[in-house]
Amino acid sequence: MQQFPCPFCGLRNETEFHFAFEAGHPRPEPAKDVSDAEWAKYLYLHKAPKGKSSEIWLHLTCHEYFILHRDTVTREVLSCDVLPGAEA
Amino acid sequence: MSGSRHAELGRFIDRSQPRSFTFDGQRIAGFAGDTLASALLANGVHILGRSFKYHRPRGLWGMGADEPNAIFDVRLGQEHRPNQRATTTLLEDAMVVTSVNANPNAAKDRFRLMDRLHRFLPAGFYYKTFMALDWIRYEPMIRRMAGLGRVDPGYAPPADVPHLVAVCDLLIVGAGPSGLAAAHAAAQSGRAVWLVDDAAQLGGSLHRRGGQIDGADWTAFADATRYAVLNAGGRILCNTTVWGAFDHNVFSAWVRRLDGPDQHMRIRAAEVVVATGAIERPLWFANNDLPGVMSCEAALEFLQCYGALPGQRILIATANDASYTVASALAKAGAEVTLVDQRHDAPDADDITQIKSGILTAAKGKTHVQSAVVNGQDIPCDAIFCSGGYTPTVHLWCQSGGKLDWDADQDALVPRPGTSSLKPIGAAAGQFGLKAALATGHALFGNGNGPETDAVTPRAQAPVRPDPNLPGRQWIDMQNDVTLKDVGLAAREGFTSVEHLKRYTTLGMATDQGRTSNFAGLAAMAAVTGRTIPETGTTTYRPPFEPVPLSVIAGRRRGDLFNPLKRLSLEAAHCDMGARFREYGGWLRPAVYGVGAEADLAQKEAKIARDIAGIFDASPLGKLEVIGTGAGKLLDFTGYMRMSTLKPGRARYGFMLAESGIVYDDGVVLRLDENRFIVSASSSHVDGVRARLEDARQDRIGHRHVYIHDVTQGLVTLTVTGPKTLDVIAGAGIDLPDLPHMGVVETPLDGHFLRVARISFTGDRSYELTVPGRNAEGLRARLDASLKNAGGKWIGLEAVMILRAEKGFILIGKDTDGNTMPHDLGWVGPMNKRDDEYLGKRALFTPEGQSETRRQWVGLRVTGDAVPETGSHLIPTDGPRRSLGFITSSYFSPNLGRPIALALLENGRALVGTTVGCFNDGSVRNVEVVDACAFDPDWSRLNG
Amino acid sequence: MDERDWTDRPLAPETPIVLGDLTVTMLPQAGSTYLVSGKMDEVVGAFGLDNGIICLLETQPNAGSFGIRTGRNSALIIYPDAHELVPGWHPAGFAVSAAFETYETILLSGPGSAMALAQGGVADINATSKSAMLRFAGVSVLLTQGENGYLLWVPKAQLTYMTSFLSGRN
Amino acid sequence: MQHYSAFSLARHALSHHKNWQSAWRKADPKPRYDAVIIGGGGHGLSTAYYLAKNHGMKRVAVLERGWIGGGNTGRNTTAVRSNYFYPESVALYDLSLRLYEGLSKELNYNIMLSQRGMLIAAHTPIQMEICNRIANAMQLNGVDGRLMTAAEAEEKAPLVNKSKGARYKCMGGIWQDRAGTARHDAVAWGYARAASAMGIDIIENCEVTEVFTSSGAVAGVETTRGKIQTERLGVAAAGATPGLVQMVGGDLPIHNYDLQAFVSEPVKPCLDTVLLYLGTGTYVSQSDKGELVIGGGLDRVPTHGQKGNLPTQETVISGLLEMFPAFAQLKLLRQWAGVVDVVPDSSPVIGPVGPEGMFVNCGWGTGGFKAIPAGGYLLAHLLATGEHHDISRPFDLNRFAQGRLIDEAAGSGIAH
């Protein structure tokens, strides 16, 4: 049972979390200017890094998305960040 | 040979409490505190099982989890456990014990002739033969021969194993001398220690080897440690096996309790000490698997702890000093002992016949040891106890990521410092002997000198390796019948990697998990390939440390507690009204009401709902309140249909797409006021829809301007439908405001709110009435009385399914699949018109999204009364058969008096009016493609 | 029908379950509960909460209104008596929804209650967490303390399951 | 290649088995090959075999960073089947199953293909309808599949949970006669032995550290055992594939997860089929040795760690006991995890990627073992001809840009 830190709830069991995306994939817009290949890259292509990885996770109990920095080999959790998101 | 019980020795047994059990039908007497192994040994039963492949007779080798041979099926009352190790099963009165892999019993196994064929059955022989016919022709015979114990088909677990989560500051695994010393020092310094051991009592090897600690018998130190641990707020857990090291410092422990079901603990430990000791290695000589050949440590354990003397004329073969204690203890107990030491410079053994530079090359005997061949001489004996040195128990260390180094001085693989955060001490760290155990344990947490002992250290030893040149068969893995020759064959055939060796020969894959065989295999492969042990490699250690009952890992998750369903507030009332329940989208809901065939009831309900009125419980429909100045903007992005243009007091049907353009969910969105919407997600998609809304809210719209509340579970929604709807509602005393289709309003009822939404999932005039849970029973009772007056009926989900299918309404996940886009369902408007961004938009315009062969939503019409099976595929009426799509829903419509079917069909809308084939399990009938809406196509009943 | 019958029933306020040293009691729902999100300090002021907003495993006040934090900036507000709040958006910067009976409250009392928490899987959770919502026995619940023991706020539709879980049934 | 048979076993018994040769040559790398395959698992080894057999290419090396068959080939639950929904999937997996059906004889190595049948069990009327959808799709695609009734299912697996409290009753489901299991290690070793006999170099303990290109085409690889020149590079390295493709600047639609498998202690025969419960997600069969071989869902935390975690173990094993209460008397003997490369549509990626001459065969996720013969057959075709085989074409990476995903879970509606 791994434990991940939610920036808003603290350390919680892995079963409270859902892996959403790799971090750093902005949505290409507007649709009419985006090629099929660009869209496919955004939707489907990843790095699946071996080692340090930055990922977006959802904390299922509080419904907040956040950034989790972790190591995919050792499973060490490095840190977490609040989603930069839109403040406006 | 006859076993016997020593008059005084046996610290674990209570001679005042006799116990008895049967083994292969024979009654065996023992005492409270005996294991099955010690009782059998004391009674002189020496053939305890048959080996896996050659059906060789086998006796006891070890004393604990390392035992490869004595594996039994054990029955006690309702409890039945196949493949129990005799050495770790406590004797209980009336146990019925049978040997495994033997027929009719271990002593007279009729497959014993298999051993004669051994030449034709070398390692991996099955890869080279049985190819003339299909394998499945040979397989039944092989499978009957394989396997150990038997599953009792009628077995039901008598009790469930609770799972417990625990945290501890300091976990010490193993309560032998090193663990005791560490626990003592840590407790003295105020640490709260959890001291865990898989035996029933603290002490580990001290029970058999004894020793003075701080000038007194070791038991005084054990008592002091127990007191110190408890006093400092720690815990002592005996009969507990820590069987796995997992991520983030979690350790799994199997707790065996005498007074209740076992427990499974998930311990999160800040600091962990591995004090798991070491296991004695066997020696390798011809017939080293003969009953009567036993580990020295085991022989000592059986003598000291159980008083079981496993022989009278004993030959001890060793190359280390540790066995000398065993020899003198056995001699003192009255046995005739010959000590054979491989070392020419072995220490002198007083009063014991000793052969230095003695090489044991073979054991002789048919079903039991009768003599040993030492330096070419036959020495008569009835037991051979041997020691090939010690292997540290490093399972937890390695499971936690720790690496091993070869330590030539200790002749063992020992933990490499710095590769794991665990702290190995004592024999587990390759620090053998009582003195070193106490010192390394104390050094972790204590200051100054630790507990003193007069024990002699170090324990000198010479390395022992298998000798490939020795004649005869030497067993490397006893249970799986792997011999040194098999290792040689594997090497010859290129399976020289340790993992290949394991897999090719099955070495180390037996239920003892390679405790006695892994090092032997490694040493043997090194010997036959002329490499060193570190060059040859090590195997991987994974949980479990020893076989753990599946019931322990499963815990209480079964039956009611397995994937629990959500339950309706009004479940009891539905029950009283005769509801029969079924699982729909994670909720338990009425399927039909009443007694009789389900299909007939559903037909009746669907008919009455159309003719008069019906009410169904629609509470599981999601109620996600989206509130804030950004709500419209958020829903515009997450929805395929725009919602910001919706007027307050109105509702609109819409889709939520995945970014891949696939329809993820459908449902109605209500706008209650400028800044407040309610999203009616499908009952099974509430959490998924919420997650997608939150994603857009937090990442895109701005999380301070709109918020989402899920209030689904607190509200109850009853939907009234049918031509007499207005009568039913009025009869219930509810003053219905004048609402247009897709209108919504909140009004007070009984002091709380009532939300009325005129939304139809049946095509008839329908109202969804939503109240807080506490008012639900009141609403239900009012409506029920009025419904009965009107001649209507409560209807279950099966009838609702029919009604919506008559209208051609989709059910997400049933009528759509992972390729369905909104335009496939006929909703092309937003795709063609919307300029702004929304979820899934770009994907609609990929080549596949725009393809002309997409499967589209249509209805089917058949002749006759036979309903085409849901799941039938549609195929061309001529030409080669291929799937053009499939039927997603089909029913007999009681209101149309004929079957109806809905389908996803390739380019289906263009095919309306044509005929396609309908394929089901080989048979084909013709069906006509029609519009999905079969009932009331001009929607006259909506306002009826 | 060929599927199983579900014969388990939810806990009722009048019939607590006693299991050795653990008592499981359902507290009757009275008063009014609301879900609120947004500026929490505004919420406390605007609604005249008698007490503040508590977090995971913190002790509920035994009188007056209070809140339980459910997430980053959201809470469940509890009034012991009937209380009307206007649902919807409040321009001060928060949102309100009526949430009567969205959660049922279960009291775990007696020495066995710590063991019950351990079985639910929360013993190793940091008690300083900001949100009282966590997974207990696989369900998202709010976990606080009262005078007499732990309080589980269980989503209404999961009450029957939670009753079965806590009563040791399968 | 020494011929294997009962007769040769008997003959070698007379010489105490001292004259058996190495199953495959322990080759050292040569400076140059016509084609190099990265990954000495089942897919890489079968690729080499079919390159030699179907295309006559023999100057070929298989580079394995550890020991052959040590990755997912040796870490799965050994099920083989072709009970799929889409024609593209059926074509692929049934090619594989057909190749498996002749493989023991073809390779002269007993891979112990045991076609004892597989049942995917449903528990509700709606699930049965979806099973019917799949069974009909299988039939239309020329594969033996049919809907099985509850009574028949009980005959196939008499120990399934029939108690009143059972969470999921077995209502029947999809049955495939030709599905079953095979001995996973034997598949790797059999291909290795046959490929080696045709001249292919199988090079173990040889990790690729760099891929060289020259004017947009593959030129060779740097390895821990030296530089190797080649103009054709096949990658069949499962979870390591994205890292290798990133060496030449490409990305793949792959996430890596752990998939765990479990083995019980061996018992006498008690289950004679492969059974998957839709309700629990657990699947189980009994090996010839008598062990129950158990699998379930993924650990949903992306990882390269090859290490099982407790929550998934508890879920899978509780699922097993829900299906078979009688198995509660058994013990867990072994557990392991493989890192599986999962693609969004859970179908493999086969085709060209990056520089000219480079082809991948990856993304098999949880289903790679059953596809070994076909995966190798199709990658060999690509390497030899530079062109797709008709069966591999739909699985090209370009399907993502076209939106033409082959999503079995979505197509069958079961995981939707």
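Going in written order, the chains are labelled A, B, C and D, and every chain counts its residues from 1.
As a convention for this text, a residue touches a chain if its C-beta (ideal position, glycine included) is under 8 Å from a C-beta of that chain, and two chains touch if they have at least 3 such contacts.
Remember, it's a predicted structure, so these values are computed and weren't measured experimentally.
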Those chains which touch chain C and also touch chain A: B, D
Centre-to-centre distance between chain B and chain A (centres being mean Cα positions), rounded to whole Å: 28
Averaged-CA centre spacing for the pair chain D and chain C, given as whole angstrom: 47
CA centroid of chain B to CA centroid of chain D, Å: 22
Numbers and ranges of chain B residues touching at least 2 other chains: 163, 246-247, 250, 266, 268, 558-560, 582-583, 660, 704, 708, 843, 846-847
Multi-chain contact sites of chain C, meaning residues that touch two or more partners: 3, 5, 74, 121, 124, 138, 170
For chain A, residues that touch 2 or more chains besides their own: 1-3, 13, 15, 18, 36, 39, 43, 60, 63-64, 74-75
Chain-level touch network, classified as line, ring, star, complete or other: complete
Complex contacts: residues of chain D adjacent to chain B: 4-6, 8-10, 13, 16-18, 20-24, 26, 66-67, 69-70, 74, 87, 104-105, 108-116, 124, 126, 129-137, 139-141, 146-147, 158-159, 163, 165-167, 180, 183, 185-186, 189-190, 204, 264-270, 279-280, 286, 288-290, 307-310, 313-315, 317-322, 325-336, 344, 401-405, 407, 409-413, 416
Complex interface listing, chain B residues touching chain D: 52, 80-83, 119-120, 122, 125-132, 134-136, 139-140, 142-144, 146-157, 163, 244, 246-247, 250, 252, 266, 485, 489, 492-495, 497, 499-500, 503-504, 506, 509, 511, 513, 542-544, 547-551, 553-555, 557-560, 562-563, 582-583, 660-662, 813-814, 817-819, 843, 846-849, 869-873, 875, 881-883, 886, 919-922
Touching residues (chain side chain D, partner chain C) in the complex: 123-124, 150, 164-169, 171
Chain A contact footprint on chain D (complex, rising order): 239, 242-243, 246, 251-256, 300-305, 307, 309-311, 341, 344, 400-403
Contact footprint of chain A on chain C as seen in their complex: 56, 70-72, 74, 121, 124-126, 128-131, 133-135, 138, 140
